[in-house]
Amino acid sequence: MSQFNQPMSGLVVPRFGGLSTFFRLPHVTLEEAKGIDIGVVGIPWDSGTTNRPGPRHAPRQMRDQSAMVRRMHQVTRVVPYDLVNVADLGDCPVNPADLMDSMKRVETYYKTLVGRGITPLAAGGDHLCSLPVLRALGEQKPVGMIHFDAHTDLYDSYFGGFQYTHGTPFRRAIEEGVLDPKRSIQIGLRGSMYDNDDFEYGEKMGVRLVRIEEAIEKGPKAIMAEAREIVGDGETYVSFDIDMLDPVYAPGTGTPEIGGFTSREAQALLRELRGVNIIGADVVEVSPPFDPSGLTAYTGTVMMFEIMCAMAESIAKRRS
Amino acid sequence: MSQFNQPMSGLVVPRFGGLSTFFRLPHVTLEEAKGIDIGVVGIPWDSGTTNRPGPRHAPRQMRDQSAMVRRMHQVTRVVPYDLVNVADLGDCPVNPADLMDSMKRVETYYKTLVGRGITPLAAGGDHLCSLPVLRALGEQKPVGMIHFDAHTDLYDSYFGGFQYTHGTPFRRAIEEGVLDPKRSIQIGLRGSMYDNDDFEYGEKMGVRLVRIEEAIEKGPKAIMAEAREIVGDGETYVSFDIDMLDPVYAPGTGTPEIGGFTSREAQALLRELRGVNIIGADVVEVSPPFDPSGLTAYTGTVMMFEIMCAMAESIAKRRS
Amino acid sequence: MSQFNQPMSGLVVPRFGGLSTFFRLPHVTLEEAKGIDIGVVGIPWDSGTTNRPGPRHAPRQMRDQSAMVRRMHQVTRVVPYDLVNVADLGDCPVNPADLMDSMKRVETYYKTLVGRGITPLAAGGDHLCSLPVLRALGEQKPVGMIHFDAHTDLYDSYFGGFQYTHGTPFRRAIEEGVLDPKRSIQIGLRGSMYDNDDFEYGEKMGVRLVRIEEAIEKGPKAIMAEAREIVGDGETYVSFDIDMLDPVYAPGTGTPEIGGFTSREAQALLRELRGVNIIGADVVEVSPPFDPSGLTAYTGTVMMFEIMCAMAESIAKRRS
Amino acid sequence: MSQFNQPMSGLVVPRFGGLSTFFRLPHVTLEEAKGIDIGVVGIPWDSGTTNRPGPRHAPRQMRDQSAMVRRMHQVTRVVPYDLVNVADLGDCPVNPADLMDSMKRVETYYKTLVGRGITPLAAGGDHLCSLPVLRALGEQKPVGMIHFDAHTDLYDSYFGGFQYTHGTPFRRAIEEGVLDPKRSIQIGLRGSMYDNDDFEYGEKMGVRLVRIEEAIEKGPKAIMAEAREIVGDGETYVSFDIDMLDPVYAPGTGTPEIGGFTSREAQALLRELRGVNIIGADVVEVSPPFDPSGLTAYTGTVMMFEIMCAMAESIAKRRS
Amino acid sequence: MSQFNQPMSGLVVPRFGGLSTFFRLPHVTLEEAKGIDIGVVGIPWDSGTTNRPGPRHAPRQMRDQSAMVRRMHQVTRVVPYDLVNVADLGDCPVNPADLMDSMKRVETYYKTLVGRGITPLAAGGDHLCSLPVLRALGEQKPVGMIHFDAHTDLYDSYFGGFQYTHGTPFRRAIEEGVLDPKRSIQIGLRGSMYDNDDFEYGEKMGVRLVRIEEAIEKGPKAIMAEAREIVGDGETYVSFDIDMLDPVYAPGTGTPEIGGFTSREAQALLRELRGVNIIGADVVEVSPPFDPSGLTAYTGTVMMFEIMCAMAESIAKRRS
Amino acid sequence: MSQFNQPMSGLVVPRFGGLSTFFRLPHVTLEEAKGIDIGVVGIPWDSGTTNRPGPRHAPRQMRDQSAMVRRMHQVTRVVPYDLVNVADLGDCPVNPADLMDSMKRVETYYKTLVGRGITPLAAGGDHLCSLPVLRALGEQKPVGMIHFDAHTDLYDSYFGGFQYTHGTPFRRAIEEGVLDPKRSIQIGLRGSMYDNDDFEYGEKMGVRLVRIEEAIEKGPKAIMAEAREIVGDGETYVSFDIDMLDPVYAPGTGTPEIGGFTSREAQALLRELRGVNIIGADVVEVSPPFDPSGLTAYTGTVMMFEIMCAMAESIAKRRS
């Protein structure tokens, strides 16, 4: 019998029964969280979205769909819930009416969370939510990042100089010194482009930019070996934009780009995270209004589970 | 400041945020329920369905959609949460693999619930779930019933003698002596028929059968006046089958019958429940796979709220 | 035990089981049809559609959905299958690649059908299919018509003089002398208009044009009393365009017009067909691609059943 | 032959052909607009939405669906395009990343539009977009308003003091002196409530608040007679929130409230606008992601056409 | 001209026309079946489903979609209808209200079918339906099996000891001695796991368990060569669970697991069935409520056709 | 600053704003087109469809979705709008009520277009629309063709001798001498077959037929190298049937065949068009009613962009 929180089993209570929490884990509020190693948290926010909104609804749909994820990893046979203590912390506070206020709320929440020794695993939210998260995690020292995405999110501004959208978070994070570009890699870049500006900025700053064509040609093992080398032993954030997947695997997203990864390829990539010193992660840009079936959200929660397994091993190792 | 549980307000936390509970109320398990007047409970079960399954998924979708129901009734200005203490009790235990075992589990759960002085307001489940509920509520003495439905659910058996389906619960309940047919009324009956068997049985037993044509002609006030007279002051169960509504208002159900009530008419009917001695209620037959949009579930939760307002007044009155 | 074909009962074989035929009746081909009074037939064709195609798929979806219609009428308690012999004749031959050839095929098929003493009840197809049907039924003598529709379908031509579209069948039928305009009534007309041309033509020819506003104000009984007076004892065709219903009741159609009848109102109208000498009928313009849920098709089959009940009584009366 | 812009006719070019403009009218930019009486304009913006976003996509879907609206009104036989010159002005500039900047852009655009003698008929956008519109139209003198809605939109603030959401525009407009509360009426109010705050504010300021129950009981003619009396001969804005309709008629909206108007009732209300001195109007809160079928948007454009007919008559009368 | 039943050709009757039968073949009841080599049969049943129900509707939707499958195999140019006599036998009797009774009905039906020398090709149904099928086919001697699935379906029990669900059929079949575990292979296993119990049981009994990772790495030819070696010349059942496919290829299923086979890979696997002594087969777990578009059902029928081609060659070879 | 038409940028005007044109380019009518190199044109027509209609709605949905395609190619960094002048020419005239008249209209329109020195890039329409296009382009001399499709479209006739359907255009084009079979290649052929007739005809005439299995085995580079060799330097048409893609990538089409290309594979193929002398192209068979989400249409517009890039380079090279 594990000493840690265990998910309700579908062999006992049918998976359609009971209240929805992430992975059918107990819900504890951040205030009452004690002895929690991994805090699964929702960030229901999409004010940074420039085209099709919706990720504000993602945490709810992802909690619902996560009931279909069982406790043991199919390949490694790791049960993260046996290694560390995991809980659903509920949703981070946001303000849909004020972008700047929301960023402040997220940052404050994350600082509290980190202060309690919890490693965060978030369900976004659009990608702008990674910026206040990095402000909290990289406050002391810029963190490295392994970033799966169709887009660099390194643009400078939109609509006549507006600097905070889901196309700009990592440029801001680099400028603010909370993200270390030289310890950052972006995998899966593709899609028609406005211009070269984001790529040029990334290259200039030392971010490793991996286009989908290169990623497919080299294969997941080689790409991830390079990723592990780039981030090294340092603290590393993992950001998984659901649009790294081909839109047929993730139609429920705001900026779909065809020609993406299959979910099988994505799983192969994430399984190579083992050994990385993961201090936080997110799966973002799931947009329920564009996929009422919930398959995008379901896929997102499987990706969260893949990351959670690596994260749990990483925490267990640090601890031992 | 109310002394009772209050729903989270959408003016404070956006309605898409936070974990899903019925009406954004606190969740307490039946075991820990203390001082609860009304227990909102899910019955995620559909083994009695003879055609299109799905209501097992209803409690989850209804919790989600109930976030859009605010705290004050639009006409009466009643705030039920100020009158009595309401909580989400979670889901009642069921077994999708064994119909008889499920009925046992529901009955047992309800006896505990009633034993704790809680008035149950359930989100079904297919209509067969009302049978074990009535077994618990009518154990001492048969209860009366105000029943909104397109169907009598008074059939004898299906498929060569099988007695437990969502078309038979009230015939069983009458036979078992837990439902008083003479204090029962069914409103909204319609749809093509197999034969006259169910109507003849109902009439013979003294159930008041109100067809949709009669209900529309007489209007909600007259019909409900008669209903109140039939049930009198005695203990009365309210059962609301979502298919009493026209399928355009409730496409997400298993046995849609065209030509039904509008939701406005349904609300007018439910608002006449004031003064009835309600000892329990359910809203059943919501089937999410047949309405991914959630509007059927949303409508079902508004009907629950209408009933809850009458129920709260009834409890408050009993208490005073 | 009836001497006639009986539908498979949902109390014996669940309604999702077995092959799809109209109302779960036996299928007999026109060639082998003997002793059939009412032949239910599909006309899978939509070449006359000027905007959104799809009715070619209607017969299939309507067969599927008709499994939910039971054998006894809810109000009159008539069981048409006890009065006359009804069968599913399958689909009428069509040619999606050639409009004129299709009309020829339908006309020929209907002449054979009529020659065998069968009264046809069709599931269209777009409304142009009523033209070859009337050519067969009105060959000897123009027939009268009770026509439910949002549109007059009395336009002259489209796209530079093309005379055969689903907006023109009844103008052609009048011109060709197979439809008697003075014994014709159109009920439910509405929607923004190109111009006054169709109304003026109808009025000039003596067709009674009933706009939705008038129909609602007078009510179903008065309107249908007038309809019965107009058609008198003579041979009368009933044509029910599903777009007479408000689009919320029938989203699956090609030319939706808001502000239409509810299905309850439509049923009230059709129930007043009793006593009319019905020699054929159709329910047309169901378009499955615009309603994958099947509710439009289901509604269409209930309307067919309403008409079938009146038709069966009419045939039984003629026979006795 | 009319001297004014005419829509492309579906009898000439099929309705699925050609570029999408509102009502198939010519597109002219505001800069080049000359001799335009009514400017149909899109406001693709939803930053004021507190729950389910989407109206930013409305103008595009509404242009597409408006191809099904023909040129002549079915009851009055008015052809607005014969009375005045109407054009599609394209979309008003907005900024999805900055709420305050967007309001500024809309106000500026509208001031230019008004300066050119154009009467605006807008397709929103969430309801907050009516605020900058009123700032432009009511700059000189507060305007009156006939407002169809399930909600008062008279709340003070959300999420801890935020004053600009789609629940607050008319409180702001009254406070700013651009809307005359005593010449304002709100019709169709319903839905569960947070509290009494918005109603109390409205009543205190002299706004006439008509709940759905009252509107149904009195009927469209009486209610609108009162509305015409309230606004008198003065300049009057018409604001039509699509959620005044029951959600079955308008599922594609952000804050559905069951028990609303049918589209037939809504048309009856709008047809009583004749004689009102309309200086601008909008149809808002259509949310395409919640209704991919487009029926909500289609219904919205028919409502725009109903208003346009009254508006055209009003302008023609002023001119003559 | 073939001596056998031929499907109606889409070059003659359009594919949307006519009654729906499997592959547009003639329908003959089991009672009247004579000279039939392959009987295509529906098993409309899902009482074994532990989470999302729906496969009871699969045979109907699959018949409909199978109209798009033509008569000749694209690679081998085999026309199965020229080799053997194939017919649609309709649906096997079931009882949605009683799981044990249903299993009895299926077993009895299959024994009759087998007794008439017919090789069955079934459209399920959830996977529990394979158990009564194996009871009939393996009555004399345990059969071998080539099984494509994401899950082993070798669990022991659910919900406190219930032994018959769609997660347990093959454990029961092995225990009952109707399935030979040493002549069985399962291909495509994946997805998060409850625990190791099912794998350990399978390994202990000698079932060859092939995880998706291994299947992809070795490729279809190598895996199927091993499969053919394992089953040898003996009687072999083929069971194809639609969830072996990635959910993007088969969203309409009850237990989707991401990272599965593409349909191209699945076809490559099935084409290697040539030479296997196939005595029966099924395609199960298609769930129409979760894919109204019908693409899952369509894909399922193409898989049935692939199997039918191998089956026809196998029968023809035995006969010659 | 380019001298040519530029698309509106999503960094300036949000992508949901403004009127829908292809790629957000200016719209100019064919009559006023001057100095246009590439004319993007819609052919809203589907009268050739033998099963599921819908492509008449494709140009509108594709214009809408094309707003998500940015201006620079992700791999080559080519910006076609900097090389040549591109415009949206609107829709080609058609007649949904008369197939032969429509073909005439398309041919006439294309002759005018070609006469103005414009290279056409079309959004169909079903595949029959390629026939009148080839009649215009190949009038002087038969053109070569690189054709991506699941089907050969080389059938002779349907439904008893009808020669013009979407299954016959290229047989007609070869017979009429406007398409050179020896300079033609078809890539991606698959799906069950009626018979061998179309393949035999193609082989006899010298068309290179590449089945999907061969295409996958050899890979995009080898296949396209052969394609370039076959068409040589001569004038070449590119026809892209969206059903060359697997149905999961393009569910919105009339004749889906499973086991097709992924969109990544399709892009890889199209990128090898560089160097081909492209004188026209089309993307056909997108059917919006079967994909309301628009992903099929979006994918189609990305394919158009891939072709446009090669086309622009080809034109620029010819010019220089």
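Per-chain numbering from 1; labels A, B, C, D, E and F assigned in written order.
Methods note: contacts are C-beta pairs under 8 Å (C-beta built on N, C-alpha and C of every residue); 3 or more make two chains touch, one makes a residue touch a chain.
Remember, predicted model here, so these are calculated numbers, not experimental data.
By that same contact rule, can you tell me which chains touch chain A and chain F alike?
Joint contacts, listed by label: D, E.
Using the touch definition from the top, list the chains contacting both chain B and chain D.
A, C
Taking each chain's centre as the mean of its C-alpha atoms, which one ends up farthest from the centre of chain B?
Relative to chain B, the chain with the farthest C-alpha centre is F.
From the centre of chain D, which other chain's Cα mean sits the farthest off?
Centre of mass proxy via C-alpha means gives E as farthest from chain D.
Provide the C-alpha centroid distance between chain C and chain E, rounded to the nearest whole angstrom.
Roughly 41 Å, centre to centre.
On a C-alpha centroid basis, what's the spacing between chain A and chain C, in Å?
Each chain reduced to its C-alpha mean, chain A and chain C end up 56 Å apart.
Which positions in chain D touch two or more other chains at once?
Residues 14, 16, 50, 52, 56-57, 95-96, 158-160, 248, 290, 293 of chain D each touch two or more of the other chains.
Taking chains as nodes and touches as edges, what kind of graph is this: line, ring, star, complete or other?
Its topology fits none of the listed shapes; call it other.
Would you mind giving me the full set of chain pairs in touch?
According to the stated criterion, the contacting chain pairs are A-B, A-D, A-E, A-F, B-C, B-D, B-E, C-D, C-E, C-F, D-F, E-F.
Where on chain B is chain D touching in the complex?
Those residues of chain B that touch chain D are 9-12, 14-16, 68-75, 77, 248-249, 262-264, 267, 293, 295, 298-299, 302, 305.
Going by the contact rule set out above, which residues of chain D touch chain F in the complex?
On the chain D side, the touching residues are 13-14, 16-21, 27, 42, 44, 56-57, 59-60, 63-64, 88, 90-91, 93-96, 292-293.
Can you check the complex and tell me which residues of chain B touch chain C?
Residues of chain B touching chain C: 50-52, 155, 158-160, 189-196, 211-213, 216, 246-248, 251, 255-256, 258-260, 290.
Could you please specify the touching residues of chain F with respect to chain C in the complex?
These residues of chain F touch chain C: 46-50, 52-54, 56-57, 95-99, 101, 158-160, 162, 164-165, 289-290.
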